[in-house]
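The following pair of complexes shares a single chain, chain A, combined with chain B in the former and chain C in the latter.
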Partner chain A sequence: MKALVTLFIVLAATPVFPSGNQQKDKRDLVYEEALRNYKNQNYFTALDSVAKMYRFETPDQNTQNFLQKLVLKTGTHYFNTYSDLELRKINIPTTDLIMAKRNLYLDKFRYVHKRLKRVPVGNRLYPESLMVKASAYYFDEDYDKAVEYFNKCAAEANKRKNESENKIKIYFSVIEESCIIDVARLRFKQGEFEKAIRRYEDVPKTSIKWPYILLEKAWAYYYLGNYNRSLGLLITYNSPLLESYFMPEAEVLKALNYYQLCLYPDALSVVNRFYDIYKPKSAQLKKLIKSQNSELYFFDLMFKPISESEKEHNFLRNLITQVSKRVKYSLDLNSLYAVNSEIFQNHKDANIEKLLKTQKDLKEQINHYVKVSMHKFINETHKLSEDMFNLKLEILAKQRDLVYKQESLKAGRERGDEKNVERKEYQEFWTFKNAFWADELGDYSFGLESSCKVNGRRR
Partner chain B sequence: MKKTLYFLLLTALSFGTAPFKASASEKDLYDFLWLDPDKKVYVLQNKIFPKTGSFYADIGYLNNLSGEFQNTNGGQLRMGYFLNEEFALELNHMQYGNSNNAAYESVKIVSGTEPFIRRSLSSTSLFVIWSPFYGKINTFNKIFYFDWYFGAGTGSLKMESNLESVTNPGQPSRFDSENYTPVQFKSGFKAHINRNVHLGVEFLNSNFQAGSPKSPSSKNWKQSNDLIFSLGVSF
Partner chain C sequence: MRYFLILLLIIFSTPVIAKKKVIYKYKEYEKFDLGDLEIKGSIVAPGDLSVKERRRKKFERNLLQKKDFDEKIIQDIKFLR
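Coming up: the complex of A and B.
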């Protein structure tokens, strides 16, 4: 009985929940420890301790600023497992942006705008928040607003790019170019192909996105009926400088352009080349990929020496190069490098267990991304081969007596005339005389005459 | 074709930069088989420096090439507006400074008389500019763009000469001012440093009708040529 009374007194004296002061003391201790870790470059460890502390309550302004600083070093990967409720508690522009993106994918546009209102104009993430806002308008089919905000995003990113250096400069460049391309895509969707082309042209040739928009531009020219220009753009992919950017879709568009010009032997030549080169290679790649059992095969692939990956399959090298230049891959890789350097630093205060787990997560995430990219390529080739087959049938129906073989190339660049080249006032025109200028890459045009009219009738 | 022409002209003018094309070490890139060898390929490139609707202003240093007995140099100020990609209207003002050169001193010492001198004081003209050619050179691993233009114009040319005193040996040396309405032609290059700044070199030929010591009363066509180096802005 005495023992029970003593236990009751002890329990009564021990608070179940820490008092306000104790809580504050604990927060201060965690903050100070995190600050020490930050100074010792244990960024992930610092982020983990602070974020955990404020999982269910909003941190003060000072801690919010500190969290922002930490996220700059670690990336946003850490918050992937946080629920919306937890993210809302943290209450920093980074988590607002993450939530806005989540809502965007869920088509909850009202919440996207609500979250983005909280990103201040002065914040580094402001241009990106404008991009997400514009995307919300785009998916909500409010195209005028979408264009307005994409343009705002491009202008803001451009302004900040000119005031920044190194990695941040690259970040703003990517945001600016993404917003420009989104406007162009929107115009394309609306059937305003001229406007789309003019906007695509604002993306510099040095941009990592430029090789991809070349194909989109070629489609815009195709829909404008300027098949020679479309073919000229597509021929750029044959350049050794763009060897890695091989795109099966470009072959389909080439064939379509020749088809529209009624140059059936040329169209068939492209179709046959597709079946001779792309399709079998894609099938081989599929087989190779499916035969791999290693859990992190695709992750490891990205770090294999080129000579080795080339031996396995020559498409692999090109795909690896393509994937390695994508923004998502670069962001994840940067986070991984940051975790690795923290692990190798092996500081006594580092939360190694957490670091190893983050490292594993990131590796798996990269592995998954590469895997999806490669399968996407294979599936796309498969789908396009069906389109090519249908096109081949169309061509054969048009010209039944066509000989089923690839024509030998004539020497001397005989085919074409400049009268078939459509030139705008804002364009300079030069004939190509075996003088390669790198700045002219992607500015080519053929001058082929349409064979659609024979004796005044359409063939 | 245009590019080749520019290479030759620019080399001839000795801009101080040797034009050369990008290195041709990457065989694949330069055998051009990737550019569909059976078809003609044309280049349609957006102008990096479009001119339509743009204003420009240049300030320049000029050197007169016509005075035998004078060192003549000065300044130029010109402003223009491009109505479209090829044509512009330009207001041109030049102010000259003159001094006797070594030839003048030698003649004066040898013959004891002052030679005939006609020298420019100022010129203000309106030009129509035709700028049909556009070129580029690749040098120091950077591409520079040029415009090559021609101009024709007229206005007011203020000069002075000692015609009166040279034709009447009894009179002391005296320079009288003369006003002419010249017919002027010019041609020049503009090298674009960036979207707003350019460097220019220009040759300006002024033709006017004036008397000479041989026939002071009859007016014959005379010429005065200027070479001008300028720095300009456009927006």
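Coming up: the complex of A and C.
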């Protein structure tokens, strides 16, 4: 009994939590060890140990700077699984940006601004933070502020782009162009289509974003009633250079343009092509994707030679090309290569267990990302086939009305004329001779005459 | 003479002032024999068949519209990291 009481007293006297000094010593030890790991290029191991230490308390400025340095090497993937509370404690621009984005997706705009206030101007993430901030203003319907910040974002990204090299340069280019495009989208939403088109034209043809904005620009021309120009933009996707950018929505818009010009047979041929070629292909792709049992099928697909993936399905090749050009994919791939090289290095201090787990996480993340992109494409095709069906009914109804009224449409079947092309003063006219020249891409216009004037006479 | 004229005026103005109650009566039943009616004129018939056009009901289908690119703005942010 006496021994038991003594043991109890000893246990009670031992502090359950380490004292302040002990904790500080532990922190110093972890920091020193992490610094050593950083010097030995064990970046992921270093980040894990420091971030774990400060999961529930804010690190001092020195450690914050060190964390920021580590994130530049590892990427932001590590913090993706952190809760908001944990992110707030870490208190570095990276975590602030992650939190701001989460709040943006939840429409909590006030918190977006609160988080982004802390990203310093000199930080590499500053242009991206401006893009998120401007988007928050946009969704909050404060359009003047949104334009101001989108323009600021484009200017900051441009400045940094000119000072950077290689992949970082591409990252800043994408941000700059995205901010320019977002202003155009804002004008589009406001119904100022001319202004939107002018802003879209600020994106260079060499940009990786350029193929996507052709469709948006074509919508702007469609709403301006310039169907010939809209069709000309959409025909750009037929050029061999843009073969990988097949977009089902472009087909619907093409048919809509013909419909508005009352060229019903042309509209019907686009609709029928969609049903005969694209929809069955999309269904085949769905079947192919569903039949795969491998856990990392989509990840592996990204590394298959194009000739092989094309054999499986030609849409696969297109989608792989599109996904591989996205910044997110490049950043995740960079992180994966960094983990792989750390594993390969096999340093005695490296936390191999953690590294293998991170490697698996990254592969799963890329796999998921590619999978989502492909399913999105299939779903979009499926949804748009409904729109095509509605359009087909509408075309058939118009044709039936003409028969009932014993009327015929004005124009014959002879094709376009230069006089039907609306041109700006600075635009020149060249005839198309079945060849796509890179510098002409995106500047095409059809010269079709509207057939909407009725020619027939009622008896 | 003056008194005589006044008297004449009084006598002739009396039926104008006095309102006579007039009762109108309509026939309660009247029969027309259309076969027995004779109408003078010439018969004009249309040369061909004509049907009065009925206004057809128009069903407006929802064609694809693009009001904004909000989804793309979010997508661009998500595609960054």
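Throughout what follows, the second predicted complex is superposed on the first by the 407 of 459 C-alpha atoms of A that agree within 3 Å, B and C clash if a C-alpha of one lies under 4 Å from a C-alpha of the other, contacts with A are read in each partner's own complex, and residues count from 1 in each chain.
What we mean here is this: a residue touches a chain if its C-beta (ideal position, glycine included) is under 8 Å from a C-beta of that chain, and two chains touch if they have at least 3 such contacts.
Since the model is a prediction, treat every value here as computed from it, not as a measurement.
Residue contacts after overlaying the shared chain place A:448 against chain B, while chain C stays out of touching range. In the superposition on chain A, A:328 makes contact with chain C only, while chain B stays out of contact range. After overlaying the two complexes on the shared chain, residue contacts for A:128 are found with chain C alone; chain B is out of touch.
Look at A:256: by the touch rule set out above, it reaches chain C but stays clear of chain B.
When the two structures are aligned on the shared chain, A:232 is found in touch with chain B, with no touch to chain C. When the two structures are aligned on the shared chain, A:353 is found in touch with neither chain B nor chain C.
By the document's definition of touching, neither partner reaches A:165: not chain B, not chain C. Once the two complexes are laid over each other on the shared chain, residue contacts for A:430 go to chain B alone; chain C is not touched.
Residue ranges of chain B in contact with chain A, taken from their complex: 1-3, 21-22, 24, 26, 28-30, 32, 34-47, 50, 52, 84-85, 134, 136, 138, 143.
For chain A in complex with chain C, the touching residues are 75-76, 101, 104-105, 128, 131-132, 135, 138-139, 171, 174-175, 178, 181-182, 185, 188-189, 216, 219, 249, 252-253, 256, 259, 326-328, 331, 384, 387, 390-391, 393-394, 397, 401. Those residues of chain A that touch chain B in the complex are listed here as 201, 229, 232, 235, 238-241, 409-411, 413-418, 421, 423-440, 443-448.
Those residues of chain C lying in contact with chain A across their complex are 56, 59, 61-64, 66-70, 72-74, 76-81.
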